[in-house]
Amino acid sequence: MNKNRLEAFSDGVLAIVITIMVLEIKFPSGDEWTDLQPLIPVFLSYTLSFIYIGIYWNNHHHMLHTVTKVNGKLMWANLHLLFWLSLIPFTTGWVGENSFAAFPMAVYGIILLMSAIAYFILQRLILHSQGPDSILAKALGKDLKGKLSPIMYLLAIGASWIDPAISGAIYLFVALMWLIPDLRIEKMIIAETD
Amino acid sequence: MNKNRLEAFSDGVLAIVITIMVLEIKFPSGDEWTDLQPLIPVFLSYTLSFIYIGIYWNNHHHMLHTVTKVNGKLMWANLHLLFWLSLIPFTTGWVGENSFAAFPMAVYGIILLMSAIAYFILQRLILHSQGPDSILAKALGKDLKGKLSPIMYLLAIGASWIDPAISGAIYLFVALMWLIPDLRIEKMIIAETD
Amino acid sequence: MNKNRLEAFSDGVLAIVITIMVLEIKFPSGDEWTDLQPLIPVFLSYTLSFIYIGIYWNNHHHMLHTVTKVNGKLMWANLHLLFWLSLIPFTTGWVGENSFAAFPMAVYGIILLMSAIAYFILQRLILHSQGPDSILAKALGKDLKGKLSPIMYLLAIGASWIDPAISGAIYLFVALMWLIPDLRIEKMIIAETD
Amino acid sequence: MNKNRLEAFSDGVLAIVITIMVLEIKFPSGDEWTDLQPLIPVFLSYTLSFIYIGIYWNNHHHMLHTVTKVNGKLMWANLHLLFWLSLIPFTTGWVGENSFAAFPMAVYGIILLMSAIAYFILQRLILHSQGPDSILAKALGKDLKGKLSPIMYLLAIGASWIDPAISGAIYLFVALMWLIPDLRIEKMIIAETD
């Protein structure tokens, strides 16, 4: 099986997911500044989700770079990840339209949590096929960010019942934590090539 | 004619089909758990169709891998398949919105049946151009799954008049039957390359 | 400039155009056969437009195959073609929702006419850069189909005021005339390569 | 990191942005010429935005052509550009629906301004990594068009309070100024290769 087509298909799905989210921002019928104001939370949730999809695309890109053999299991683990990410436009729109209300914020966290779990499964599969001395294994190290993220999402889901603003702060924090691209793999690949 | 562009175009269409389905999941105006409940059948039909498109992408990927020459006939047989698959978001949304009602479930089956027939025509065309000793011919063997699926869809379409739950069970069964990727072709290619 | 990226971008736009048309087929709120009936013209116009986009993709594919140098002019002539083709989902939905009414049918023809003119301009540009002895020039010959199509569209636009059914018949006829892929170029390339 | 995947992802997002804009053109329920008339501003704003996305795709294409090394910073600078461009369908629809009203016209300019700034940041990053003697540096020269555009957008945003027609004229002027593809880089590459 061809890795290029798996990458191209994933890129296609992620490019569509990141772009169709904008279709959930319905423009107001009025043409005044006051008509645009209710869209501020919609715009903010759009921005956060754009960053999350960007992070997934970036990390996915890095991880797939180390893959040489693609089999059926990997393909389905990848589709499983794309499935959860494909639901982000839905929760993004819902969270925005309800101005970060408690329950939608919890559902947003559940989708992020499921995406993180799906990413973890895909990562485990790739690591397993490459052995403990692979570039990816070295690059990930203890994979602190990967282990911390699901815990943070769980905290955020729980916190939404106290105050959804706490959930929002946690989602933002995790996004910023990952925004720094996975330089670890990058460095390893450079070191390996030299 | 270039095989790569045919693959890239098919991947593009399938990536869009699998992703725009999410636009059919309209988020509720309320922000409570009870507001999300009516979406459960919509979410379930989305999941089933996501798996079906994934299966088609995977099998299409394998089958095209064995193709070397692309001609006009093949291109149109491929577009014919994409045509039926492009209607899946429509039936998926309709089935979900109507909580698996009888007639929408039958229409869902008709689209799956037409897609299976289109896939079969494409497969025959490729087999015909490669001869009986080709990798694909060997890999398919008696092609039990390929022959069983249309019969199952017919059964499911008929069963929708008795109880649409039977149709749903059949669609799920066929999906799970195919979820195991077409390892037969995979094995043949590995054997051939060695 | 890179031909591959021009092809990839065009394929992307055409794959999206052909797929988002399905979003114009709004599923009915009811779940009976009578609820689906009003969608028959929508489904028919979808099918016709799917074939037209397929034809453009196919012919575009063939024509670009003969291009070696891409410059700014070619890029804009290509975008100009994509612009008119991008309006097809709009007219398709409008024609379908109004059951092939006279004025929407005329607008459908205008979009087809503008697309044909844009394709003709792109073709002229490529022919001009390749000279009269190029594969494309030989393959096109007198380009009867290319010259006949705009005339047919004009006839269909005019006929919509008498009876939109005549326009529909003409659009179908032109589509079937082109459905046979541009085997002329295919044959020339095979002959050249031998 | 692989430049091809960055290009492919950017092309994918731009192809989707340029195409989903058409979904904002809602066809009227009537089927007369008078029903289509209110869509004229929607169609005009669509055309202008189509040209803008085309310009960005073209210039992006040229600029990326000169890049050899892709790092995390570049990837995020690129996503930042795609973020602002992804909002163009929203403002395009809003401007069109409100027949070029003052405030939507200003917002349209803000999105164009932010896109221009994001493009400038991406350009600076690439220039910085290549040094002052690079093809891109030579090709850009004083980059008059790149420096003039944000000033024009600012003027247009301000002018919208006086008369939104002035803003429209400025947006059109800037688009036409860029429509001529970045032949400077093209010439330099040709000269370099010889």
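By letter and in written order, the chains are A, B, C and D; residue numbering begins at 1 in each of them.
The working rule: a residue touches a chain if its C-beta (ideal position, glycine included) is under 8 Å from a C-beta of that chain, and two chains touch if they have at least 3 such contacts.
What you see is a predicted model, and the numbers here were worked out from it, not measured in a lab.
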item	value
Distance in touch steps, counted as few as possible, from subunit A out to subunit C	2
Identity of the chain that, by mean CA position, is farthest from subunit B	D
Distance from subunit D to subunit C - Cα centre to Cα centre, in angstrom	26
Subunit B-subunit D separation of Cα centroids, rounded to whole Å	37
In subunit B, residues with contacts to at least two other chains	8, 12, 16, 20, 23
Touch relationships between chains, expressed as pairs	A-B, A-D, B-C, C-D
Touch list for subunit D against partner subunit C, complex	7-8, 11-12, 14-16, 18-20, 22-23, 25, 27-29, 31-33, 36, 47, 50, 54, 57-58, 61-62, 65, 179-183, 186
Subunit B residues touching subunit C - in the complex, by the definition given at the top	1-2, 5, 8-9, 12-13, 16-17, 20, 23, 71-72, 75-76, 79, 82-83, 86-87, 89-91, 93-94, 97-98, 101-104, 107
